[in-house]
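Below you'll find the structure I mean.
A, B and C label the chains in the order they appear, each numbered from 1.
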Amino acid sequence: MAASPQQNSRAMNNNYDGFGVPLILPSWIIIGFFLVVPVAMMLMYSFLTKEFRGGVIWEFSLAAYDQFFFDRGLFGDSPPVIEWTYISIFWRSIWQAGVATFFCLLIGFPTAWFIATRTGRNSTIWLFLITIPYWVNLLIRTISMKFLIRDNGPLNEFLISFGVISEPFHIINTNLAVQLGLFYSYLPFMVLPIYAAVERYNFALSEAAADLYASRTVTLTKVILPAVKPGIVAGCILVFVPSLGAFLAPDLLGGAKNFMIGSLIEEQFKGNAGNWPFGAAASMILLSLVLIVLTLYARHQARGQR
Amino acid sequence: MSRDNNIAVDIQNVTKMYGDVTALKGVSLDIRDNEFFTLLGPSGCGKTTLLRVIAGFEEISNGAIILYGQNIANLMPNERPVNTVFQQYALFPHMNVTENVMFGLLRLGQDRANAKTRVGEVLELVQLSDFADRMPSQLSGGQQQRVALARALAPSPKVLLLDEPLSALDLKLRQAVRLELQQIQNQTGITFIFVTHDQEEALTMSDRIAVIESGQVQQVGSAREIYEAPKNKFVADFIGKTNLLDVSVTDLARGKGSCILPGGVQITCPAAEGAHAGSGHLSVRPERITITALGKGLVQGTVARHIYLGTDLHVEVNLVEGGHVTVRMQNSTQIQIPKVGQLVCLDFEPNFARLLVD
Amino acid sequence: MMSEKNLDLRYFTGFLPLTLLCLFLLYAPLIVVMVYSFNDSNSITRWDTVSLRWYYDVFYGLEAPKFKAAAINSISIAIMAATSATIIATLAATAMLRAGRFKGKSFSFALINLPLMVPEIVTAVATLIFFSAIGFTTGYLTILIAHIVFCIPFAYLPIAARMEGIEGVYEQVAQDLYATRLQAFRLILMPLMAPGILSGFLLAFIISLDDFIITNFVKGAGIETLPTAIFGAVKQGIKPNIMAISTLLLVVSVGFVALSYFVGQMGEKANPTTKPKGD
């Protein structure tokens, strides 16, 4: 019995003590080999030279990042100036994702609040109704949206036939359509974490506030919102991050003029541009953005715990 | 070392650490074959830990556990011929009563037919024959408790460990099940190691009791021994109610000691092992004290208040020299009860008092 | 304005209409597509009469063989990916929740959730680069592997949640009754885990069935799954048969979710692993 005091307990939930590594090993191998290694490889590819028909030449180069950030003229010999094309695509993605997140919050918070304050079975039914669309294929949901908001689609027909408008309201292939698509794609992600936070919210706090002469509005902004803030932040992250790299909504609803990061990257691998190192570099920049957001979030969480 | 044949479990100097927390400090105990042995102590003293150490769910940091001559400290739980009735019962929720009780028998390699017969016997023993096909969720708390007992008894373990098996039952049921448990222990002849923090339970059921405090055994003995002859202040205080008077001990010889009571009267009474001259404590049980007329007792005080307890009445007396004493009186009309504020004398038979170490 | 004041502090004016709006926004596009899938017309704009014409077209029309092959790929990949991910996730949950401390435990938690954190398009690019770099011919197998990776966290969530709810004491009782650890795992933990494992599987199955972006990157030429086939068809414009396929897929997804939900509920009822009120 020479076990050290730290590791000698077959205590409550440690029935398979000592088997941790063999049990976790398959997930290490699969995720490590088929996700971590590929991401590392993508980082490497972003520093290689492009081959014209897709693929790479194994030669170190900063060309991909250079192309992303700088313009050196048509023949590559002018003094470098900042290249705005790609930065503005990224900026538009951030803006679109931000707008979608904002509208998700605007509709999602009251919805989550309403559901969480229903009693028992009712709450479950409402929640179920909100989550069902999430399980429908994202592609199909986006196609449905496209079908609905087309110039001569059911929405316009409906509005015209009731005399609300006389000309079709042109939404498709605009920024608004993309925002609508992103909003529609990720709305349940906003509702669920806020719902969870409101469910845990102790309504005695509201009563205490009301007892101390706070109006409903004051209670909402000064007591409730701070208390359910973790849920709101989580919801915003869950909408913002996938919106940033979204491909389907901008591609199907936005058309060629409303390019977002996802389409830019896709084009490097699937389309005619075929610049793999550039696509890899753009992916790395997107990944870094997301990691920054997630790190800020983790920090925020850690601060909340203390 | 040749060991006594009738020792079932010999726990030698067992220490158990959880990180920095010492849950058991050099515990040594001999538990005899066919004995109803109780571990008694306050919450967090290490009773469950000791049971889990015997069952094999915790590896010990130091020491040995000898089960009928074999050191089992290094065996896995499934290799130890010991079964446990867990505090939460923990009946397998996806199996019915029969399957639950049969589980251990099948693991031991018995064939289904034999196992089935044995299950029938054990269910009869716990009077649950009619419930063989029920699922655990369809049973009351008391019935679940008996299924847990049957499940642990079925493989005929050499030692049965019971961790507060009655704590989830209501008072009436608890008293009935106590009797049943004792009967079953008599019928089966299995050694029972029983954990409780209910002293009444311990006193009424056990052949012997080990009183544990902060991971250490304070005293082992029969119910009468630990009640009448507590070894130290903790045991005297924990088992039943007692009065502890500050006394000065003058001399000690062969288990007896002389001491001077508050107020100056000197008496000679039994002394616990380790008692020494100087200031000490004298333990006197409330029911051993009588209230007498002034001048006829050993100590003097004023009645502070009465506490009404139904069949009994506790009278609290503040001693003239400081400290207070509780006297237990029967609540009958024949006895005169001193009024609050009255000056009284208290008397007791020195043989029933006891000098203690801290 | 309300004439009578609502005294319930949970009540906020306008939240119910907003909730209804939310539901409307979520369901309207889907319902419109479902309705139009029963349109008899050749054009998606003009409403003709109700018919099952386009459903017939999906199964027997010109494009039926293409969609059939894609459906078979989708379903077989989803079954295999979900099965593998469920097994891997079950073992991982056992390690994380039942095996005490081990080296790399906190790192493992991050690793299991990594596929959720990396944007899909980045995973897609990385996987494509990886397979092409090692010269692994793209196709069925590459899709399957990619799907297993991102299905793992989705299978893990319900499985771990269920395992957390099952007290360790049951397995200890089993060991006390002479079961080896493997028997305790197989005879006690696994049956109690069944609802969690099944919902994990169903979740992974739907996620695999739904995936478009990653599949689109790693599939290579000559192989399609349902989403990539539908996407390809939609690029030429939405045709009525797409709406019929969409409706079918929608019904399948919702059916599976409902199934997963009810399995979970049934599990809760059949195996209440709640603690009895102790001391």
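One rule holds in what follows: contacts are C-beta pairs under 8 Å (C-beta built on N, C-alpha and C of every residue); 3 or more make two chains touch, one makes a residue touch a chain.
Small disclaimer: the values here were computed from a predicted structure and weren't measured.
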Q) Taking each chain's centre as the average of its Cα atoms, which chain lies closest to the overall Cα centroid? A) C
Q.
From the C-alpha centres, identify the chain that is farthest from chain A.
A. B
Q) From the C-alpha centre of chain B to that of chain C, how far is it in Å? A) 55
Q: State, to the nearest whole Å, the distance from the C-alpha centre of chain A to the C-alpha centre of chain B.
A: 61
Q: Using mean C-alpha positions as chain centres, tell me how far chain A is from chain C in Å, no decimals.
A: 18
(Q) Residues of chain B that contact two or more other chains, please. (A) 56-57, 77
Q) Which residues of chain C are in contact with two or more other chains? A) 167, 169, 172, 175, 181
Q: Could you list the positions in chain A whose residues touch two or more of the other chains?
A: 6, 9, 11
Q) Considering the complex alone, what residue numbers of chain C touch chain B? A) 167, 169-170, 172-181, 183, 187-188, 191-192, 270-273, 275-279
Q: Quick one: which bits of chain C touch chain A in the complex? Just the residue numbers, please.
A: 9-12, 14-16, 18-19, 21-23, 25-30, 32-33, 36, 44-45, 87-89, 91-92, 94-105, 108, 111-112, 114-115, 117-123, 125-130, 132-133, 145-146, 148-149, 152, 167-169, 171-172, 175, 181, 184-185, 206, 209-210, 212-213, 216-217, 227, 230-231, 234, 238, 242-243, 246, 249-250, 253-254, 256-257, 261
Q: Could you pull out which chain B residues touch chain C in their complex?
A: 43, 55-57, 76-78, 82-84, 86-90, 92-94, 103-104, 107-108, 137, 141, 144, 151-152, 155, 164, 167-168
Q) Once bound in the complex, which stretches of chain A touch chain C? A) 6-7, 9, 11-21, 23-24, 26-28, 30-32, 34-39, 41-42, 45, 55, 107-108, 110-111, 113-115, 117, 126, 128-133, 135-141, 143-148, 152-154, 183-184, 187-188, 191, 203, 206-207, 210, 216, 219-220, 241-242, 244-245, 247-248, 252, 261-262, 265-266, 269-270, 276, 279-280, 283, 286-287, 290-291, 294
